[in-house]
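Here chain A shows up in two complexes: once beside chain B, once beside chain C.
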Partner chain A sequence: MNLNYSAILPEMVMAGGAIVVLMVDALRRIENHRGDAANRGSGLLLTLSLIVAAGSTVAAFAVRGESGLMFQDSARSDALSFGIRLIVLATTILVLLVGSRYVSTFTRYPGEYYSLLLLSATGMMAMGIASDLMVLFIALETFSLSLILLAGMYRHNRSSTEASLKYFLLGAFASGFFVYGSALIYGVTGTVLFAGMGPALQVAADGGPGAVLLWAGIALLLVGFGFKLSLVPFHMWTPDVYQGAPTSVTAFMSVGTKTAMFGALVRIFLMTFPYGFENWTGPLIVLAVLTMTVGNVTALCQTSIKRMLGYSGIAHAGYVLAGLVPGTETAVNSALFYLFAYAFMNIGAFIIVMAIEHSVETDVERSQLRGTGAAMPVLAGFMALFLFSLSGIPPLAGFFGKFLIFRSILDGGLAWLAAVVVVNSAVSAYYYLRIVVTMYFQQRPQEVHAPQSSPAMQVGMVLAGVMVLAIGVFPAFFMGLLTVPGL
Partner chain B sequence: MDSNNLFLVLGALIFVVGATGVLLRRNALIIFMCVEMMLNSVNLSLITLSRMWGNLEGQIFVFVIMAVAAAEVAIGLAILIAHNRHVRNINIETLNLLRN
Partner chain C sequence: MDFLLPLLLLLPLAGAVVVALLGSDGPRKALAMLASLATFAASVGLLQNGSALTAGEAVLAFQRPWFPEVGLSLHLAADGISVWLVLLTTFIMPIAIGFSNRFVADRLGQHLALLLLMEAAMVGVFLAQDLVLFYTFFEFTLIPMYFLIGQWGSENRIYAALKFVMYTLLGSALMLVAIVAIFVQTGTFSIPEIAATLPATAGSTFQVLGFLAFALAFAVKIPLFPFHTWLPDAHVQAPTAGSIILAGVLLKMGTYGLLRLAMPFFPEAFASYAPLLIVLSLIGIVYGALVALKQQDVKSLVAYSSVSHMGFIVLGLAVANTQAVSGAVLQMVNHGLSTGALFLMVGLLYERRHTRLFSDFGGLWKSVPIYCGLLLITALSSAGLPSLNGFVGEFTILLGTWQVSPAAAAVASTGVILAAWYLLTAFRKLAQGEIRHQENEVGVLPDLQRSELMMIVPLVVMFFVIGLYPNLLLDHIVPAVEILLP
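== the complex of A and B ==
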């Protein structure tokens, strides 16, 4: 019995916080049951959620030293789980900072929004500690189901419910594959614990009994991962869901889902199934190349900024997957660093989209950005910063992320794959910089409404901007923070 | 072939039928039922594998899957109703607002 509760303190704080937020919301609604007061006190909920997320971050640092297996080997706390927690918490805090005024534009139930956001983050963090097929499945569903509800939070908007339904149908389909893959792996090894799988996996990977079942199980797991990570050819839902969901939710899921799924991918494929991993580099390379290329090429012809960021998010998943292909310690570290950098630059870009969009539309066309450089210099300046970082221009965060991935691929001896990454980066620079051109060098149309950024949103924007610069200027510090020693 | 293998084959067949249904059917509710069929075929496989290995982990996994499936039903039906309020139709052809 090793019930090491202190090691999962960050998750417990988040889950408990989600319940407290829900209760406070219920009390708040009893207090002011008149319809016009629906949003009174929602600032309190926001503050509470921020305190919970900050508390969880403090807890994550406090229990950083706790490492090893716990809860009858079904969970593992180590440097990888710390990295996942850190990225997910940074994402959560940035998305919370969007503020209660933005949330009130799409839902009358802010309490449910905040608690679902915290619950979803709990699931994502749990993906990093899961060391058992069952825990992994529960964590996966905890964050997926919360995200599905969040995507449909703008109930009176048809796009939002449509996004939610699409996400739900495909997500449930993907879960089916994931769980069938888990069942087959249980069939081969006779255990759901990653720690106990080693010997049986070794036998099966060497072509012993169960080899077919093992490969079938891993292939099915990969399909499940492919859907959730929006790898091509399982990506069709991504742009639609990103476009239809409320923008704060899009920002949260674009980074959070990727982080959680990559954490689990590393945990399963590099730490648990290292036997015969070289058999899987082929399919992984194909997936990575397809994902980057299709994502970038499709992003070129998008006029909606949210769709464009959706397709470019697919491409970024491709870069991270390509960085993981060598399967080494460097590979894992570079992927984690990239995701950390991606969290700040991508959510930063989404915060600007939220400041500019009309409340009823929850989407921004590229033409709406014309002339913003002169009209809203601060917003446009930050947007340019995030876009430069996303396209990988030094000395910003995105550049070092790409550089590390590039180095990890080269260390793995895959020069041509590194070349594909570079070409793809160049393609992506075209559509990112085109937005900058639109902002600064095109005439402003007559009727442009003022941006609706709240003070909280400005804090979030500045925080993301400062972090994008800091990660770019002091990469060594953040690399030290996110290093996973050994596999 | 002993009965365990027959159950595993049956599970695989039901899974394939469910997955095919998801891809071919056009009614969101039927698609949803096909997904449930996929999950239940996994349950059947897990119970069989659990009997073959002589341990209980597979059976506990089945309970976990059933609990998650129940949560999924609640959420899925709620979203279906929300969509139905907009278009009065649950055919997935009506999911056409968001596209390239």
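== the complex of A and C ==
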């Protein structure tokens, strides 16, 4: 029995931190339960949460070299789990940096917000190490339930509540598929441990008894993944939830969920069921092409920035999925790199939305950005940087993400799929650039509302911007950081 | 290992950053001009290895790993072709900056920073020896040009800016797939290595698809008929400095790419598609010239003349013998100078009168003689008058074409005649006849001032230098072309 607690130190720090934040919040509320003190001390909670996330990051690097199965084979620490941790941690830190002032606009209970955020991050990181269908399901539910609550944090807002309810219902549906698929696979293989499935899978994959049940189980799992990753045609909930949820939650969800689910997808489809993986490339390709195309075409028609970013997020999930199709180690590394780059450019764009939304206090329409280029040059400059990166213009982070994905697709001999990705990406430039048009080339009709970004938000924005540039200029360094050679 | 080439990229880049950070317009103007002049001075240093250049070698190579896991390196080098295109870029840039310094008031810091960024990217395109590095610079030029057209352009600028970017992005999208496919085939992104190994190893389908992907990207950029429709929009809407750079340098990235990448990488496919390229370039030559004849707006006339003249360059490349290709490279430089100068002259007129319609002018010879004299020389240079630069390039191309296809040469030479027709007609409408508008009267319309002469005169001097002594360039170009051609 291998109870290697040190190898899951990052998750433990995160989970413990979530509880500590909740406790400190409780004490804080007892102390000043009278008067207008609802937000007093929320800076402390933010600082505490940042310390937790930073501590977890340090822990992740400290246990970087740990590898192998542990906890009776139900968890695995390896290069993949490290990559997932790093991306989730970067996402968490960036979203925390949105700052306490923004959080106070939609909730009076910042303690719950911060602790749910940390808890959700714990679940996402656990998705990367789960090596057992049950652990995987628990991790999935940990982050999903936290996200459902977070999406509904803006309690007096109808669309936030609607987002929460939608995410809950469809999430429950997806979990149902997931559990049913797991049950079928358990029925065929007699174990929930990935490590023990090998022989039974081999038999079933060769057409032995239970083959039909096995394929049905895997298909159901794939549907569950489809919902969570918002792959077309399971994507219907995404834009509504993205639009309705508080924007910082949307930013967290858009990157964190994708990262965690792709981690689990790789773990299950590439590392556990490699037998007969080629049978799954067909459906995966169809899903990827549908996802990126529908995502992009629908994004073209959006006027709300959050909705547009929601659909563009669907398209990006399609690119990553296409990059995974070859199923090689290079493909996995490319997908990790892409998600890492996506974390900074996408959350960066959301941070700008939050700064603007702050001043207009509703959903941000594209037309509200008119003339921001002249009125708020720094903000608009960063937004342009993130949008150029999202559209994949070199030498920014997004370009290298796409470049690596092309490479892995072409290595797999699928030139036409690479062409589909690249044409999609060029089309997507249209809706990203249209925002730049609005910001820079159109005059603002009325007076300009100053954006109300807090210092923390500015730090987040600058950090994301610097990373988008740095990943583009020094891709080798970040590839080395993200992947663990020899594991 | 030599640091001159990275310096050529870093000087304008650093200039752009500092200009963007400076607080007031005076220092911005001075610093932008200083940065562009320093880059030009540094680029003259490219000619130091004259003997190596005349031997056709690439000089001053600079190589550093960039993304070794993927095989990318920061690899720069210059041969006889690159050297002159870089010199063209760095020579034109101070002129464009001078124009903006004088006439742009709105958000000048941003404007100048974008021009300098543009310079760094364009120099990078001509020096890159790594395919992905080339693609990076090639695509990056879009961003500054997009902002230049979109922010400082005329009424229809938003449409023109988006059309320009989307056309180019879609055109070059498949090139990226081809670039990665080449890597999968050859295991390297190094342009010289690919040129050496790919033709022998690639199958014919690979050659054809790869060539088409590259050719599409460059045909849009050049622009080759029928991919030219973005050009008149972009040119007419762009601010003058943007037009000068667009016509002067940016279009050459397309023909340069065709010559540096598409021809050596896919020689068989290139040979089989050369007739198509010849036909398209001939259509472009005649069509561009005929459309130019009918323009009411001086700037669109120059824009369509660009379509026609770029057709000559593509024709020279497609003919693919040393003479025609060398002529094409020479003509890239010539076209950059002549058309850049034409846009500059149009811009100077526009800043005075805020109109570009022929009907608003006439008889300018009387009121602004210096302007008209220089305009005439510029028009004649563009029309290919012997002893001026345009003649040498077009004549060399036509000679080379004649050896392969006399019919093509005959059709192309109608382009020369048409060019003289529309350019001289334009000149007549502007400068000759009676003054019909109050604003054009003697004493009302100011002639060129010293600062404006400093922009146009260097260009005119170069018309004569190249026209009278073309071997200054050809000595370097011909050996490089001989090495490049299969």
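In this section, the second predicted complex is superposed on the first by the 475 of 487 C-alpha atoms of A that agree within 3 Å, B and C clash if a C-alpha of one lies under 4 Å from a C-alpha of the other, contacts with A are read in each partner's own complex, and residues count from 1 in each chain.
To be clear about the criterion, a contact is a pair of C-beta atoms (placed from the backbone, for glycine too) under 8 Å apart; a residue touches a chain by one contact, two chains touch by 3 or more.
Please read these numbers as outputs of a predicted model, since none were measured by experiment.
In the superposed model, A:P199 makes contact with neither chain B nor chain C.
Contact with chain B, but none with chain C, is seen for A:S159 once the two complexes are overlaid on the shared chain. With both structures placed on the common chain, the touch criterion links A:I138 to chain B but leaves chain C unconnected.
In the superposed model, A:A183 makes contact with chain B only, not with chain C. Of the two partner chains placed by the overlay, only chain C lies in contact with A:F441; chain B stays clear of it. By the touch criterion defined above, A:P209 lies against neither chain B nor chain C after alignment on the C-alpha atoms of chain A.
By the document's definition of touching, of the two partners only chain C reaches A:Y430; chain B does not.
Every residue of chain C that touches chain A in the complex is listed here, in rising order: 65-70, 72, 107, 132, 135-136, 139-140, 142-143, 146-147, 150-151, 157-158, 161-162, 165-166, 169-170, 173-174, 176-177, 180-181, 183-184, 209. Against chain B, in their complex, chain A makes its touches with residues 133-134, 137-138, 141, 145, 148-149, 152, 155, 158-159, 161-166, 168-169, 172-173, 175-177, 179-180, 182-184, 186-187, 190-192, 239-240, 243-244, 298, 301-302, 307.
The residues of chain B lying in touch with chain A in their complex are 8, 15, 18-19, 22, 28, 31-32, 35, 38-39, 41-42, 45-46, 49, 52-53, 55, 57-58, 60-61, 64-65, 68, 71-72, 75-76, 79-80, 82-83, 86-87, 92, 95, 97-100. Looking at the complex, you find that chain A touches chain C at residues 373-374, 388, 391, 393-395, 399-400, 403-404, 406-407, 410-411, 415, 418-419, 422-423, 425-427, 429-430, 433-434, 436-437, 440-442, 475-476, 479-480.
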